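Below are two complexes that have chain A in common, paired first with chain B and then with chain C.
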Partner chain A sequence: MAGIPELKSEWIWGVLIVAFLIPAVNPLGVDFPDSPITNEIYDLIENLPEGSLIVMGGSGVIAFDIESSPGMIACVRQMERLGYKLVTCPLGSETPQYHKFIIDSAKVDVSAGGSWVYGEDYALLPYLPGGTAALVAYLEDFKGTVSVDMRGIPISELPIFDDFNNYEDIDIWICPHWGFVTIIRICTGEYGLTAISFAQSTAYAFFSPYMQAYPGQVYMTNGYLGGAQYERLNDMKGLGHMVQDSYTIVSVLIAGFIVLGNVTMVMKGEEEE
Partner chain B sequence: MSATSTYVRTYLTRIVVVVAAVATLAGYYFAYEPISTVSNELNIWSSLITSFTLFVGLISVFARYSRSVMNRDNNWPFHLYCLAMIVVWIIWGNMIGMYSTLYQTLYMSTKITLHITIIGQLIFFSVSGMYRTFRIKSLRTAVFAFFTVLIVFLNMPPLIAPFPALSTAAYWLLDNPQMAAARAMVMCGGIGGVILGIRILLGIEKGALRVTGGD
Partner chain C sequence: MISTDPWIWLSALLSLSCFSLLYGDNKFFRWAETTYTAAVVGHSVVTGLLTLRDRLYPLYTGTNLLLIIPAILGVLSLLVVWRQYAWMASVSMAVLIGVNTGISIRTLMGTDIIGNTRAVIGEASTIVAADASMMTKFGYLIRVVFTITALLYFLFTIFPRKGTVATAFDVIRDVGKYALIIYMGISLGNSMQQFVGTATSAIYRLTGLWLGLG
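Take a look at the complex of A and B:
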């Protein structure tokens, strides 16, 4: 039997590029399952009292946190529908831009056709340097830690902050960033807040033990699949849905290349014999 | 280095670190208002110091790249480009507002897009690497390759949608053997961090608190 030649890396990359382009041009619309954890998160947020204050905060890098954006955007739309309030806590230098990206993408502001008014229903804060120390200061004494919002407006002039003084005024903390462990350690471990993360798939693999450590207080969705599930729960199709097509095709290719590599190895061995 | 500055570098820094660490730990373990007040105040100081370090980083980059440009070191055009971009973006950001829609669009379209591209390249190298390295030559590589393919397939949406049991199996693998290993790594990292901190405070470990020139 003729041997299979060793594939050059460039050929593999070429196949992958085509594989990524196919669903971009012609979406496949592959089906995906529900997840009990994602459903639990959705129900948890659905059942909060009207006017609940939710904090979106943490530390991360936008390039990684993009994977958390499908679920977070869907969740922001859910919050707008239910009349909740949203405040941010950016603990990373790129995080304010990411939070603005989430709000802009969710189109919840009145200028984008939504119902949220800035300063009354939601507010964006500037970068809070200090990591864990900044987080503790934020939770202990919000008005002592933050004086202006992202645009430089004093927080005393924004009605959403009138009744926000410390962690006791926060109903749920949502972290669409890699740095979820800090949030769990401090917000949940020290202050008893319920923490939700639309986690990246790698983060889920590393941080899922915390769901067992804090049952009923820590929840995580799993990567783009979790984002797609949350989008579907909110009757929307976004980046999460789009990624499922690419993920399906590349999954088949990964398995195929591993099998092909082993077949190539076996045939080379037979030839040498 | 004079003896005075040696003593200051050696002991003053350690005193500051020990006082801050003890105050923060005490605020963590004791529910006593004065201790909590001190601990919270130190947290705010920490935030201010972190803000200061941003400027230190910027000044360091400027100093290093300026020297490189003046000396025409390797890649000096890129260093000059970097310095020019820093100046342009600082002035531009202050003029239009760092959180304005225009700044946001420019930032997301340039730096973030390039960053995502760099991260996105990994899949190409990963797949070609898997093609070459996941060759079953021993029991270890057989187990490695088997579980890689298994996890990939057990997370494939079109497979797990009609067969939910596959998703359950995938999560069992993630929540049991994978989680056991992840927990071990997290605990080792935590214990290692505590030990390293104690060694630094005691002056055993070479680090920021160690006086230069010595053992």
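Take a look at the complex of A and C:
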């Protein structure tokens, strides 16, 4: 059998970068399947009464939370369309920036062409240190826990907080971060809130059993695929759709590299024998 | 059209410099690494100062003077850098760890142990339910069997080591071992998906936001 030439890592990286560039420059529009859970999440949010208060909160790292952004951005647009209100609960030091990134990317503020007015339809809060204890305090006594918003404006001056006192005023909690398990344990386990997560792929593998532990109360989408599904439900194309193209090309490449690697390993073993 | 926003240009240069590590260590990557580290430190300082402003706002305005207690605890935690008085930081750490642990243990029992046990029992009942499809029942059967055998894999002390019963438990533990291996494979696959997506996001920032392509 002919010998397989040794591949330098730089060549492999070069091939992979080209594989990523192709869909970025020329989108393929690869189709992807639906998910009943994603459809359930969409219907759940669609059927809330007008004026519902939704909290977007949790703790995570922006670099990984980007994977949750396609679904979350689509969901924020859905909330704006349906006239809901959104308040954040950033439990991580990088989370306030991520929440602002979501709002800016969704273009729901009046300054970006949307219909949401800051302080009336949505509000961004600053980092709440304290982890689980801060979350419990937020749910038990919101006005005792939070005094000012991200810009330093007292919450008493923002109309969106007039009727927000504790967990009973929250309709749904959405967590686009890795720290969803804390939200499940506290918000759902202790306070009975419905919790939704546009989960990262790795987080989905770890946390999906909680959907069976709390059926009808805990929902999760799966990574960029879930984000693409939610974008499609909201009739938009974004990062989620873009990534599906990359998945297709890179999956074929990775399978090829695995076969190549195993063949090389077997041949080297024969040579050593 | 190529972006004229200087921040997007900076983002693009930092991204390209980080990617250059794939070829080999170089000055551009070192520059990007140092810049990022400095930005993280600066961000932490600003976050800390803003947190002091936001969290202690009622103390400054006199509406909640009890906040002097966490303010003092916060100052005590800084004393960890002063060797002579570092023991004072233990008080702050004890309060922080004690409160969070107390809340977490209670909720962990409720969700992770009771909640997941309830889920396994519920799925086991679905296996014998008359109104579920065969594929659904088979799927739940696999989930229940894999869950129980994977848990049994970690029990090394209470099962017999010799005889027919021991052989049977060895088979059960082998099934559990393969269930764990399959789970790790799925987790690894999901992690690869995550990194592919993150790389796509980075490439899009370069091609879409910076160069205006696609």
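To be clear about the criterion, the second predicted complex is superposed on the first by the 265 of 273 C-alpha atoms of A that agree within 3 Å, B and C clash if a C-alpha of one lies under 4 Å from a C-alpha of the other, contacts with A are read in each partner's own complex, and residues count from 1 in each chain.
In the analysis below, a contact is a pair of C-beta atoms (placed from the backbone, for glycine too) under 8 Å apart; a residue touches a chain by one contact, two chains touch by 3 or more.
A quick note: this is a predicted structure, and the numbers were derived from the prediction, not measured.
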Contacts of A:Leu53 with chain B and chain C, given as first, second, both or neither: neither
First, second, both or neither for A:Val250, with chain B first and chain C second: both
Which superposed partner A:Met236 touches (first chain B, second chain C, both, neither): neither
First, second, both or neither for A:Ala133, with chain B first and chain C second: both
Chain B versus chain C as contact partner of A:Ile186, first or second or both or neither: second
First (chain B), second (chain C), both or neither touched by A:Pro209: both
First, second, both or neither for A:Pro154, with chain B first and chain C second: second
Contacts of A:Phe64 with chain B and chain C, given as first, second, both or neither: both
Partner chain in contact with A:Val30 - chain B first, chain C second, else both or neither: first
Shared contact residues on chain A - chain B and chain C: 9, 13, 63-64, 66, 93-94, 126, 128-131, 133, 136, 144, 190, 204-206, 209, 212, 225, 247, 250, 254
Complex contacts: residues of chain C adjacent to chain A: 19, 22-23, 43-44, 47, 50-51, 53-55, 57-58, 64, 96, 99-100, 103-104, 107-108, 110-112, 115-116, 118-119, 122-123, 183, 186-187, 190-194, 196-201, 203-204, 206-208, 213-214
Contact footprint of chain B on chain A as seen in their complex: 7, 9, 12-13, 16, 30-33, 35, 61-64, 66, 93-94, 96-97, 100-101, 104, 124, 126, 128-131, 133-134, 136-137, 140-141, 144-145, 150-151, 190, 204-206, 208-209, 212, 225, 228, 244, 247-248, 250-255, 257-262, 265
Residues of chain A touching chain C in the complex: 9-10, 13, 17, 20-21, 23-27, 63-64, 66-67, 93-94, 126-133, 136, 144, 147-148, 152, 154, 181, 184-186, 188-190, 200-202, 204-206, 209-210, 212-215, 223-225, 239, 242-243, 246-247, 250, 254
Of chain B, residues touching chain A in the complex: 28, 36, 40, 42-44, 46-51, 54, 97, 99, 101, 104, 107-108, 112, 115-116, 118-119, 123-124, 127-128, 130-132, 134-137, 145, 148-149, 152-153, 155-158, 160-162, 164, 167, 174-175, 178-179, 182-183, 186
